[in-house]
Amino acid sequence: MPLFKKIGGKIMIIALPTKTSGEKSFISEQFGRCNFFYIYDTETETGEVYINANKDGQGGVGVKSSEFILKKGANILIAPRVGEKSMRILKSTDLKIYKSTDKIVKENIASFLNGELKEL
Amino acid sequence: MQIAVLSGKGGTGKTLLSVNLSYLADNATYVDCDVEEPNGLLYYKLKEKQTEDVKIKIPVINHEECIGCEKCTNFCKFNALAYILDKVRVFKDLCHSCGGCKLVCPTGAISEVDKVVGYVHSGSMFDTKIYSGEMIVGVESGVPIIDNLLKKVEDSDRLVFVDSPPGNGCSVMESIKDADYCLLIAEPTIFGLHNLNMVYKLAKVFDKKIGLVINKYTDNNMINNYAKENNIKIVGTIPMDLELGKLNSEGEIVASNSKYKPIFNDILKTIKKELVL
Amino acid sequence: MKQLLILSGKGGTGKTTLASSFIELSKAKAFADCDVEAPNLHLVTKSENKKSTPYYGMAKAYINQDACKKCGLCKKNCRFDAIEFDGKYTINPFKCEGCSVCELVCPENAIEMQNHIDGETTIYRDNYIFSTAELNMGSGNSGKLVMEVKENLKKNLTNQELAIIDGSPGIGCPVIASLSGVDMVLVVTEPSVSGMSDMKRIIKTAEHFRVKIAVCINKYDTNHDQNQKIEKHVKDSNIELVGRIPYDKNINKLLNQGLLAISEESPTADSIKKIYLRTIDILNS
């Protein structure tokens, strides 16, 4: 059972940049240019996979990734690192960023819910 | 008459050559287009200089008028606009100043303001006119500054030496597009040869008249052989000379020294002959 | 994986000479050349087994002459002077930045954005992975190509500890792209007024990225006074000077024979080895 499901009384929506699609994927090292996003809803305990349509942009891909996950309602991001611009955008919102481990999506979500991940 | 001094590889002596030739030529103009790392003014130490801002237009959003249709964020090819927390936000560093967002906005919520991306310094020394561009650190593209510099000398009846940026990217194209003559400079090393080949092809695309100077010339003939194979005129050589290197590294105009003046004078004469001046 | 990026601001100070020596010394299994406008590292590594892929930059505008009614709105709205008119309207691909404003304003839908090959990326596989690329003449977009070089390196890695990246000159878009995600920058400068000026600008650029920075001075003995000034500036900026490389005219001869700066014993080779050891210490600290 997850230890906590809500953040500030709100449902938690967790976003993760991934290399392949699905909960068994590894986390992408790049936030802006990842192949997919995995968006997990802690209330329904279900995840959805989205293709990152902006990954091949010339520049500003982090901006577009930030915009995308915020539109999906994410308030948690689990990633190894994010770029300077993305950091600036995301820090200006309620979203919190946690540093991912080198394990797969499922295990990262579990670690987060157990309070084992560090905030970036 | 405009001469673009080019090298492909950095640090081969573009600034050395263009500064010294413009110094020796009567009533010449020196333009430093290496706006990312401008060094011309380290040699032409201007006592008095004018500085002009180079600006581009970037959008500002009037959030009262914005209806959140996201036409602008979807239009922008540079990802400089994003819809975040019900507001359009502008990322200035990414903006290329195309003006598209303003055109697509259905409510007129976008207007434009100036953003300074760099400077053009100008002045004169001896009988040389000097223009030098400088890009602000952190700005990604120097093209607007190079454009501004080249506009200044567009119809000049002086002999203009353009100190181009290294490489073969868009900034270099800008600086040779309007040139009458491409003066290439290369060192006799495998790197120098490789990059000479690259910049030679570039000059050929524009069908420009080409001359070549070999810098740090030693007993190695690899550049001479390349020039022979491709029928490139060698207009001069600058010897490998530690003292010349030292003077240059101090920011001295080496052609002001009687020992080195003939080297650059010979190059200048040959170029003038090539240009039928 | 730790990434070390070698930069200089000013060109020709010895980035590639140093990078190639570092690769040999570290037995690095992963390296990249981010100088996509004038790549040189492949000249030293001499790898054979390569695979190249075309690189598509920004789509550029193309005018369909049959549909064009010559109203001139495209030219009027283009801020890059990329549309030329001599009886008919055409796009100058070297100036087109791909913003698609012309496509937007054209009342006849005569303009289309078309993909454009701007260069190629290459992966060499030996007992190492070497990622490089070359931009076509006059193409913009070098920042994105640099990202691709770095991505290609990462994609093909399994568990390498160290990646060495040869950077490009300048401080603009390709340099900024090469900086993102690296752990440390080693700046190579030389004792001259230009070396000093360019070093200051590259350090300022790198500081935006909050990476570890160290400096080394190549040909430090060719100008004593300028060398002192650079050393003082580095010290005052609280940046570590990891070493000084003496001038040696034999180095170019070695490189021209396809060898490395450290292939023969010399004070220069010794200094590069020392710089290497100190740099790796800082990188891993």
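For reference, chains read A, B and C in written order, and residue numbers begin at 1 within each chain.
Note that a contact is a pair of C-beta atoms (placed from the backbone, for glycine too) under 8 Å apart; a residue touches a chain by one contact, two chains touch by 3 or more.
Bear in mind that the values here come from a model prediction, so they are computed numbers and not experimental data.
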Most distant chain from subunit B, judged by the mean position of its C-alpha atoms: A
Chain nearest the overall C-alpha centroid of the shown protein atoms: C
Length of the line joining the C-alpha centres of subunit A and subunit B, rounded to whole Å: 43
Separation of mean Cα positions, subunit C and subunit A [Å, integer]: 31
Length of the line joining the C-alpha centres of subunit B and subunit C, rounded to whole Å: 18
Residues of subunit B engaged with two or more neighbouring chains: 77-78, 140
Where subunit A touches two or more other chains, by residue: 57-59
For subunit C, residues contacting two or more additional chains: 58, 98, 143, 173, 208
Subunit C-touching residues of subunit A, taken from the complex the two chains share: 29-30, 33, 57-59, 81, 83-84
Residues on subunit C engaged by subunit B in the complex (per definition of touch): 8-13, 16, 35, 37-38, 40, 43, 58, 77, 79-81, 94, 97-101, 104-105, 135, 137-140, 142-143, 168-174, 176, 190-195, 197-198, 201, 204-205, 208, 222-223, 225-226, 247, 249, 252, 255-256, 258
Subunit B to subunit A touching residues, read off their complex: 73, 77-80, 82-85, 89, 91, 93-94, 140
Of subunit C, residues touching subunit A in the complex: 57-58, 98, 141, 143-144, 147, 151, 154, 173, 180-181, 208-209
Subunit A residues within the subunit B interface of the complex: 54, 57-61, 63-64, 66-67, 70-71, 85, 89, 92-93
